[in-house]
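Quick one: the structure is below, and I'll ask about it shortly.
The first chain written gets the first letter, and so on, giving A, B, C and D; residue counts start at 1 in each chain.
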Amino acid sequence: MAGSSFGQIFKITTWGESHGKALGVVVDGVPAGLELSEADIQRFLNRRKPGQSKYTTQRSEGDEVEILSGVFEGMTTGTPISLMVRNADQHSKDYSNISHVFRPGHADYTFWEKYGVRDYRGGGRSSGRETIGRVAAGAIAVKILKQLGIDVITYTKSIGPVGVKKYDFTEINHNAFYMPDSEAAVEAGKYVEGCMADKDSVGGIIECRINGMPAGIGDTVFEKLDANLAKAIMSIGAVKGFEVGDGFAVSNSSGSENNDDFIVDNGNIVKSTNHAGGILGGMSDGSEIVFRAAVKPTPSISQPQQTVDVDGRPQKIEIQGRHDPIIVPRAVVVVESMAAITILDLLMTNMSARLDSLKDFYN
Amino acid sequence: MAGSSFGQIFKITTWGESHGKALGVVVDGVPAGLELSEADIQRFLNRRKPGQSKYTTQRSEGDEVEILSGVFEGMTTGTPISLMVRNADQHSKDYSNISHVFRPGHADYTFWEKYGVRDYRGGGRSSGRETIGRVAAGAIAVKILKQLGIDVITYTKSIGPVGVKKYDFTEINHNAFYMPDSEAAVEAGKYVEGCMADKDSVGGIIECRINGMPAGIGDTVFEKLDANLAKAIMSIGAVKGFEVGDGFAVSNSSGSENNDDFIVDNGNIVKSTNHAGGILGGMSDGSEIVFRAAVKPTPSISQPQQTVDVDGRPQKIEIQGRHDPIIVPRAVVVVESMAAITILDLLMTNMSARLDSLKDFYN
Amino acid sequence: MAGSSFGQIFKITTWGESHGKALGVVVDGVPAGLELSEADIQRFLNRRKPGQSKYTTQRSEGDEVEILSGVFEGMTTGTPISLMVRNADQHSKDYSNISHVFRPGHADYTFWEKYGVRDYRGGGRSSGRETIGRVAAGAIAVKILKQLGIDVITYTKSIGPVGVKKYDFTEINHNAFYMPDSEAAVEAGKYVEGCMADKDSVGGIIECRINGMPAGIGDTVFEKLDANLAKAIMSIGAVKGFEVGDGFAVSNSSGSENNDDFIVDNGNIVKSTNHAGGILGGMSDGSEIVFRAAVKPTPSISQPQQTVDVDGRPQKIEIQGRHDPIIVPRAVVVVESMAAITILDLLMTNMSARLDSLKDFYN
Amino acid sequence: MAGSSFGQIFKITTWGESHGKALGVVVDGVPAGLELSEADIQRFLNRRKPGQSKYTTQRSEGDEVEILSGVFEGMTTGTPISLMVRNADQHSKDYSNISHVFRPGHADYTFWEKYGVRDYRGGGRSSGRETIGRVAAGAIAVKILKQLGIDVITYTKSIGPVGVKKYDFTEINHNAFYMPDSEAAVEAGKYVEGCMADKDSVGGIIECRINGMPAGIGDTVFEKLDANLAKAIMSIGAVKGFEVGDGFAVSNSSGSENNDDFIVDNGNIVKSTNHAGGILGGMSDGSEIVFRAAVKPTPSISQPQQTVDVDGRPQKIEIQGRHDPIIVPRAVVVVESMAAITILDLLMTNMSARLDSLKDFYN
């Protein structure tokens, strides 16, 4: 069954395996008239590239993107934009020893059960490299959103027990963990190094804030803005939880605490607080949208683990090769990309919500 | 934009407002040959009915369902099943005083911003009554799943600070909170009564467990089982967070703790633990699926709140009428319904995953 | 598998069987702010009602529509509009004799093969009554299109060998065949009466013209305007062919004949001819859209026919009951409805085609 | 708006322009376990390649396909298969003279009106080269169908006034027109040469026959088998009409002629005739599926034509460059591909039509 497309009017379709020839995405529904170059996309891809700090895998992945269609003389034409990254540094032999064994915490077993065959090299389709297509598409979505006055800021909120205490967004791109707090980043570094020494891995939380969203985006029932964001974010490998605004904390809150009062500020209706995280009844309420994703520790660890092979025999496994001790930093841009893709699609589908708008548009 | 359909091959389309003539759902893609009666559906609807304990609104809603199509001589025919519940006890006048005011924590403002008109009676489309269609459809999905050997158990895990300590599933339907722990239910009752005395409301957490799922259901990328569950559950009004397995706790776990070992048990490959909540790489792994939803406190409270009216003037509001001090108990069956609808659809789309299965089916 | 929804942003979902309790449609994605009453819809439904001339079945079907949701104080609210028509005059016993026999030209056999059960009363879901939902939805779509300056005119072009020679659109609603030529209608009447005397039935061609469409609506590849119209029209029972512009005649034309020159007329770019039927490369070209549908003769005839029963035994069948000797006149409004639904949906999805429009809309 | 995807469970997404870097398709939902090589796909692509006879453009297009993902060790893995063909022989300068002029019969004008920008080189996205992706995907669909015992045969039925008189399917691949009648092909050749001498072009009709289809495939209402085929085929550029079975001829037929009797043959229920073209009530009836497509004459002709430029000034245009005088022969494999893709998707979605099948599958 097809499962590699996301979005309705702004739709992305990703493809590719970790150690196949290439990975890519078709971005369909990009409005015509956007200036777009490979550099715009490369900038995003570089944010998820490995090998940039000691806390990420030392594989050198070139990850150079090629625009194959949909852009003419530097401008989008409205037709699908095909983006491709060739896989260069494949090292398939690293994986031959796990070809018959199900790695704990990975999709090896479920893949095998579903399909009966599996490209075991580096996780195949369920590798983190699958997100290359998402990020390439996200670069386009973010660029369009900026022109609509909408900004998406994404960062690491915590690494293991180390949470950020300051929110200095200019700091995000200046530390290996994409934290808005340089001191927390230093602490996080120490924590991660401890885990690495133990041949273990670490989880964390990513937070995303979207500013400039007009009110009323998202639908009332199944196509709620938060429901779509939840699907988008939970579709990223390793994400095990999603929450918006106060999130799980609402379960121990009260209505009088959790409701946000409406007030008038400079003639605009705004909320005095933002427990709702910018979404009421599935629609944006004009305030900042805030959500979080919980990311599990990298399942690839070099400690010995108990598992089973494809013939149903117990096996010990110690995963070798180059693996990130923590997925979080590289997933930040993936979260940002999926958020941008989701809200852009909803902005587009929203345009016919009122008869008056439709009439203005066509008359 | 259309936003009231959910599912691909097993697809539901809900309609109706709190105080309109009726509410309902069209359930399309129900396999032919299922015995189905109104009683099957009524049993589910009764679980979300108000007026059943002192902790829920005392409105008496008959909520009697009528099957309008798709069933012939007690058997489904494969055609869409239209289910309707007439609205009887409308009391529209209760709401006239809020027709021009945006209630905090509700969708009044976002609805107004999106559409410029709004059926203000009882929340209109964003009322909890919207879930009638979901639950009616869920009754069908659950009945089919049972025939496939799949059970969905849903209950309240916590109410405010009161969490369950035992998991006695036979207890769930014997207390007002649908908790699997009668003592916790007593405590929760006391806690809620305290909130009611303060004219305030309470949140909580709902947990759902699915047993009997074959491995390999769900897709690897965007149509992940957990991503689809996340959208389904987050599309329920008042849900602000979703997590699967260890959920947000993974952020402070390590790979060695969080990975579930594979072992052989009675000749079957199983996991020794279930931190993953039954889903690996977006696909069911054959163990119990476990997820949770965070439900916010009822936004309708009778304490005075600060807000604004449609003309942008500050207003004080005290919400009168009959409101649940807690949404959680009545949302339990809604969560169960959306979960069942989601996994049934994925089971159906999964049937062509292998060429061999396709050939066996048609040859 | 779900098959009763049509459209993406303006989406309809129909339900109901010929002799079930009711039939209806959920119309989702109707923009807020449209004045809408049951009379608006009834007017359309009356155009497909039987019993209006001697050439249609004499069953008296009340077909009174009820708006169940989505309209508040006479205005659409943006939420799904549920429309229902109760089945009154069911006469199920008329059909008992065909409960085990497959009528030639009907869906009895295919239904049985697909589902293994079947509501045999009056064709069940594959009855012409299924179109009630389409027409009710079409009434809304046509009303919106009118406000955008778009008119849809539909009529019978030929009945058996009798084709229209004049196109006087004021005449369409003044004869039993919805022909724009009163003399042709008289001739057609004679022809149909001859067939009725032979216990036989007649086919014909319906033509539809859409004026006022802006250029550029429809997509370049799979979502072509003509491709979507083709699906919409071929999804109407009894339609066996669809063509746009010169249609099948292009197969014996030449490029120099078939190409339409562009010229400047009053400062506007227009085409000097319209062989293309208003669609180039899948997009509207600003000229009149013209398409035709071929409708087969009513399969229910009272001549004896050879068939087989559900146990695989040969049977003779003479279909009794009240049947139209010709489907065409009552299908005219169905074609119009499906065309309107299709183009309205494409107009909505088109709004984000250009970055500039998107920016104008949101800034 | 996204418009380059087709299919629900077996879904293709095409991309690429005539003179861009490359063209391709992502084929998602291919069952795992299919042996697949580039040669399987190349064989299909070669059938649409130009330069193979004097009746097609003499451009030499290498059109060598590369499998980029979804196949591992010669076997499909269930993940999306990305197929790419690099554009080699681009000759962009041929098109510079038409960069500001709207060619009659082409999508230049509608593209311009919709998007405001346009890749004018060789028609850009609306070039016939767009079908490379369809055909590459079709090769996979046809290969799967064969394993299910389903054969798709497609051929030219007429070229201008020259129709085939014999149906010798072994002859199809042995003449330049893909006609099942070698004598008709000779005649057609003479006719086309006459047109070429006149600097003109020719249309024709393509017919497709599908054998081995189980009964009951396709849905009763909007997802009718014929409706889906109609969309698939009408989405091919230059197709202006679609009909199934007797098609437009039904409009002048009678019920007694047009109904196909059911009879018992060797213990099987079959039809004595096949006016219906193998589809009743939107579902396959077990007999041969027959449909036809009307293809317009190539709009690119070198006769002088009247048109307008982007500044609204009248212009004369004589289209130079290498163009097929007839599209039909190269479109045969495109029709076959779209038909195969359509029915494979419907076969997949049909698997959950009966509760018993679902239970058998999962128990």
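In this section, a residue touches a chain if its C-beta (ideal position, glycine included) is under 8 Å from a C-beta of that chain, and two chains touch if they have at least 3 such contacts.
The shown structure was predicted, so the numbers you read here are calculated from the model rather than taken from an experiment.
When the C-beta contacts at A-C and at A-D are tallied, the pair with the greater total is A-D. Chain centres computed from CA atoms place D at the largest separation from subunit B.
Chain centres here are Cα means. That of subunit A falls 26 Å from that of subunit B. Taking each chain's centre as the average of its CA atoms, subunit A and subunit C sit 44 Å apart. Subunit A and subunit D have Cα centroids lying 37 Å from one another. Across the assembly, subunit A contributes residues 1-5, 8-10, 14, 29, 32-33, 76, 78-79, 114-116, 125, 214, 220, 348-349, 352-354, 356 that each touch 2 or more other chains. Of all the residues in subunit A, the ones that touch subunit B in their complex are 1-6, 14, 102, 104-107, 109-111, 113-116, 125-126, 130, 158, 160-161, 195, 198, 200-205, 214-217, 219-224, 226-235, 237, 240-264, 267, 269, 272, 276-277, 280-286, 294-301, 303, 305-308, 312-314, 349-350, 352-354, 356. Interface of subunit A with subunit C (complex): residues 8-10, 29, 31-34, 76, 78-79, 144, 147-149, 214, 220, 347-349, 351-359, 361-363. Every residue of subunit B that touches subunit C in the complex is listed here, in rising order: 1-5, 7-11, 13-17, 20-24, 26, 28-29, 32-33, 66-70, 72, 75-82, 84, 114-119, 124-125, 348.
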